[in-house]
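Should a chain be cited, it is by its letter among A, B, C and D, assigned in written order, with residues numbered from 1 in that chain.
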Amino acid sequence: MITILIISLLLVAVVPATNHSFFIISLLTAALIWSIQAASWDLLAGYTGLFNFGHMLFAGTAAYVVALVEVNLKIPRPLVILAGFLAGILSSLLIGLPSLRVRSVYFVLVSFVVPLIMYRITMSFTRIFGGEYGLSIERVYSRESIYYVVMVLAAFTVIILRILVKSRLGITLQSIREDEETARAVGINVPFYKLLACAVSAGFSSLAGICYFYHMSHVGPEIFSIMSSFNVVIMGLTGGIGTLFGSALGGLGLSLLLEFMRPISIYRNITYAALLVAVVMLFPGGLWGGLVSFWQKTRVMGVEESDKVRKSE
Amino acid sequence: MALSDVSFSVEQGEVVGLIGPNGAGKTTFFNVVTGFNWPSSGKIFFRGKDVTNATPNRLASMGMVRTFQIPRPFKELTVSDNVAVATLFNPKLKISTSSTKEFLKKILQGLDLYPWKDQQATTLGYGSLKRLELGRSQGSSPELLLLDEPFSGLNASEIEKESHILRSLVKEGITLIIVEHKLRELMKIVDRIIVLNFGIKIADGAPEAITKDKLVLEAYLGRRWGVNSAGDKKYNSTI
Amino acid sequence: MVESIVVYGIVWAALYALMALGFSLIFSVAKILNLAHGMLIMVACYVVYVLVANLNFPLGVSILAGVAIIALLGILLYAGFMKRLRGSINRLVLLTGGLAMIMEQAIIISVGPHSKFVPSMVKGSLSIIGVEVSYQQVLSTVIAFILITLLWLFLQRSKSGRAIRAVAQDRDVAATLGINVEKIFTITMAISATLAAMAGVLIAPIQAVTPEIGWGMMGSAFAVTILGGIGSVWGMAIAGAIIAYIELITAFFISPVLKEAAVFTIMALTLIFKPSGLFGKGEV
Amino acid sequence: MKKGAKILLLGAMICLMALAIDFFTRSEAAPPIKIGVISEWDFIGGHGTKRAAELAIRHINAGGGLLGREVKGVFYDSKADPGEAKNATERVLYSDKVDVVCGYWRSDLAIVCQPLVMEAKKILLLGGSAAPLLTKGRIKEDYNKYKYTFTAQPNSLLTLHPIDQSIISSMKLGLGKIALMVEKAAWCDPIFDVFSKKYANKIVYSNRFSTAATDFSVEFSQVKALGADILVVLSTGRGGIASVKQWYDMKIPAVYVGYPEAAQDPNFWEQTEGKCDGVAVGHIGGLLGLSITPKSVPYYNEYKKVYGEYPVAYTNASTYDIVMAWAQGVRSAGTIESPAVVKAMEKKPFNYVGVSGVLEYFNEIHNPVGGGWKEDEAWGWVSFQWQNGKREIYWPETHKTKDMIIPDRIRKLMTK
């Protein structure tokens, strides 16, 4: 909690420190948006056990709805944002309902496919969605204001999710992740809670998506592409799955790293891919997860000792 | 394994043992009653309500709870959380944390798991896991508790602990239906035994009566008894 | 009109099935969702291209060489990377995805993004029930079907084929029967890669090859596998046919634009209502 | 709080990283004039933009640089992703402090990044993106904001013209039943509408196909069944080569014209193994190895010498020309101050001799005009037809090398 505040303060400090360099500001804005995506993804993957490979579906839907309204109708912006937000939550059904029927690798497949359908639709119906041009508007908010909003949203997201997973909801979701049968045996309404988790995750994700739209003043089919959803997973997993902080930091760190690697030009993408492979191979729980599991291991060892003692009695 | 003809009723506060050779349909019976499988025909009544097609979570909230033969704890969760999950969905508890905490504490102490309440379930020994399984079922303060082989895989001392706990449950007025192979231990707690074979109820009565019942003896005990006593000898020798 | 739908349906059915077979094989046996499969197809095309165009090998030799190289690459990827992560599905997906990106970038850096081609093995065309088809398409189709049959025979009759099926059914039981599971996985990967390479050299003459084509090919393999369900060779072939005909019929009756959307929708529906696929034996 | 401390550490690291990026990449606008070149390296178009910009910069420096200063290129990959492009653009603008931004082949990226460059009041040299919105739309609406945008590539509405020429010429050959197959892409929509209206009574078949399509068997057999003899295809996607091969294999008795972008490739003849004989497509004339201007052939050959292959995508010419044109503008303005350069480039006559043609002036929406092309025509663009292995220009008259013909193969099919 405190630490988030401190991080936020540091992030605030960045702005004057770089005397309002637009480059740094929008870079961090994008990075923070990604970190929100990663964190909200973690609620599904890390806590509910739904390893969602189509996470940007939520953000994309929200962004497109907001864009469509902005372009076509003249209604007060809060309503626009609300519309996008609700649309995003609604879209969570596209992932949630399948998750009730299919598990493990089959769920992975579904979550892959759904955004691709949206991609095709946005590409094909050019009159409505602008096809490959996407939908764009003139900038409505200054870079700084968006940056601060996103920063608050990011802190808010991590804190709220943190509270949620510590609450009864958190335990419930984790017990579903661990063993659905037993979860039902102790009286958990599994379908309801799965859908709820999807909706919550989608909620934060779509808020981030809406911010992304105003940050870019544009949304295009790319948001539904395999790569963008894949990126969220990469960030979440690199940071550390099942540890909201970790995934969020993963999102932040990787986006910055990617920008940092720009000078190596043509070798940038391949290096990024190689890094991904390395992390997946070497750190099952991600970098942050690595730290956490290290602490737990130390704790568990002590525990096993006492366990032995107890048995011998 | 199909159930063809099994019909009996259990009174409040009764302790019923359900026995039968492997594949007699005991587990199937459990699954059907607790709503994990739904019966093709026949009806299930609980407290006068027809619950034939109710989902497990609804039954649990009504007070009909089961355990699994092999303990299935939520591995990543702590011991107390494992029970807490159940209490969360226990309609009889209002979500005033203090009372819930008390309730939790009572259960864990009853199982003497309290000292390890903050450990991950995975770090417990098998005996403790069995008790945790019981504890989780108590978490939803059940009225009817269906226990799937509570004694299996336990050594004599652990069995003692377990049956002691069961007795205390009985004192609380909870109705028990127990599937068990270890007849010796079973006899000590049940006041009635039902024998299944090939999905058919072949006997139903007081323990002593059952042990004398011809049908049962040839269908089941005849073979089983020896093995079991041999097993006991083995246990004795180990202690 | 209808004739052409029928004829071209067969052609694409064969090619789709071939694209999917390797993918589904490794998926069903080792539970590896190999996102790099399409890239293997793509790399095969580029290897053949380089051998033919830059080193002026004869076509036949280059194709054999290409297939061999890809098979080796497959084994390498398995032994080097996938082996270590087997069992954790999600991380495998990420891993293979990363490997796919690496392959794509490697080709872009070394050869460039321009579209390359594999010369067709036979020239000219013939008319089947009034539909003009090039010999290349006929040849590709025939070879594809031969390969499918061979694979089926291999899995049904041969010793290692039976072993592969056993492992696919239940790894542990297979192991207790004295089957060297590791060896089987490696063999399977080699076969899978070989099929990918063959798909590449058979499709390349019909289409152009660009580095990003791998993703598209993977998509097709994806669709067919999901529809057909894992663990059935002929299921694959039939699913390939279904996909092909869905595309053609959508193109004819509704609109060519919605081809992909139609296929994706079918995929999603299959996954939701019959996750194990139409002919799948694996349960969810 | 141990954990907290660690998190704190990480947070601090991230901020440091951000600062470090800023620090490492920040540099005062020093003697060399900097051009930020942002394009999609993994795609033929963006790849061409990058190479052409490299060559242009090389030539400028070979000619003693600009205003006695060396010109330096800063090359970034946009990964064909708007977000990436935005980051790259703001990086060149605010930390590399470039004097001019160049690039963007994909229109969505240009649409996102144009306003950023305009806000910074820097010149934007569009490498290949031809979305009308960028010029016809934005410059017209808000001239003062967007006047810094220049391009040597006519907007996609104007590229309709060379395509239309291919239809007109085939009609001159006595053909008259049009089958119109247009890729489902935003840039095609207006063209599709125009053609559907203009040739309403001539079109016997028309549809839109997806950019990912690789099989056209159904469409073509419909074309054949309906007896169309002019097959007009607009395709920038993977479909190009596949469609031409299928058109040949299925013995479609119609001339293949329009805009199958793949057919611009100098290796297209080999790629299709001669099946593309008779295919007509629009392209920038300067990249055909024909002498459109004195610069065309030397550029064509030098490109081969430097990169080992002949230029493929039109961006190879449009990017080179716009950068060189900008250089000429800077020279005549005597400064790199954007407003002055804009004035200099808007001066009529501007008379820049480029690879694609002579650019007499930029019109009010900064589309290039001149060298025999009228205002409503696609400057620098020609229509050529593949005739036994060679690319023969049949339009415009001024650069004509051969007439458009119906290849004997197709003639036979038609008479059959």
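Following the convention adopted for this analysis, a contact is a pair of C-beta atoms (placed from the backbone, for glycine too) under 8 Å apart; a residue touches a chain by one contact, two chains touch by 3 or more.
Owing to the predicted nature of the structure, the values given are computational and were not obtained by experimental measurement.
Participant: Can you name the chains that touch chain A as well as chain B?
Facilitator: none
Participant: Of all the chains, which has the CA centre nearest the overall CA centre?
Facilitator: A
Participant: Specify the chain most distant from chain A by Cα centroid.
Facilitator: Relative to chain A, the chain with the farthest C-alpha centre is B.
Participant: Which integer distance in Å separates the CA centroid of chain C from that of chain D?
Facilitator: Going by mean C-alpha positions, chain C sits 35 Å from chain D.
Participant: Centroid of chain B to centroid of chain C, CA atoms only: how many Å?
Facilitator: That gives a centre separation of 51 Å.
Participant: When the C-alpha atoms of chain B and chain D are each averaged to a single point, how far apart are the two points in Å?
Facilitator: 75
Participant: Mind checking the centre-to-centre distance between chain A and chain C? Centres are C-alpha means, answer in whole Å.
Facilitator: The separation of the two C-alpha centroids amounts to 32 Å.
Participant: Could you tell me which residues belong to chain D and also touch two or more other chains?
Facilitator: Within chain D, the residues that touch at least two other chains are 41-42, 184, 210.
Participant: Which residues does chain A have that touch at least 2 chains other than itself?
Facilitator: Touching at least two other chains: 120, 124, 266, 269.
Participant: Check each residue of chain B and list the ones that touch at least two other chains.
Facilitator: Within chain B, no residue touches at least two other chains.
Participant: Based on the touch definition given at the start, go ahead and assign the chain network to line, ring, star, complete or other.
Facilitator: Drawn as a graph, the chains match no named shape, so other.
Participant: Where do chains touch, given as pairs?
Facilitator: A-B, A-C, A-D, C-D
Participant: Give every residue of chain D touching chain A within the complex, in rising order.
Facilitator: It comes out as residues 3-4, 6-8, 10-12, 14-15, 17-22, 25-26, 41-42, 75-77, 79-83, 86-88, 90-91, 93-95, 106-108, 111-112, 115, 131, 133, 184-187, 189, 210-211.
Participant: How about chain A: which of its residues touch chain D in the complex?
Facilitator: 2-3, 6-7, 10-11, 13-14, 17-18, 21-24, 26-28, 30, 120, 123-124, 126-127, 130-134, 136, 138-139, 212, 216-218, 220, 222, 227-228, 245, 249, 252-253, 256-257, 259-260, 262, 265-266, 268-269, 288, 291, 295
Participant: Could you list, by residue number, the parts of chain A that touch chain C in their complex?
Facilitator: 45, 51, 53, 97-98, 101-106, 108-110, 112-114, 116-117, 120-121, 124, 226, 230, 233-234, 237, 266-267, 269-270, 272-274, 276-277, 280-281, 284
Participant: Mind pulling up the chain A residues that touch chain B in the complex?
Facilitator: Checking each residue of chain A against chain B gives 168, 171-172, 174-175, 177-179, 181-190, 300, 303-304, 306-307, 310-311.
Participant: Contact residues on chain C for chain A in the complex?
Facilitator: Interface residues on chain C, with respect to chain A: 31, 33, 81, 84-85, 88-91, 93-95, 97-99, 101-102, 105-106, 108-109, 215, 219, 222, 226, 257-258, 260-261, 264-265, 267-268, 271-273, 275-276, 284.
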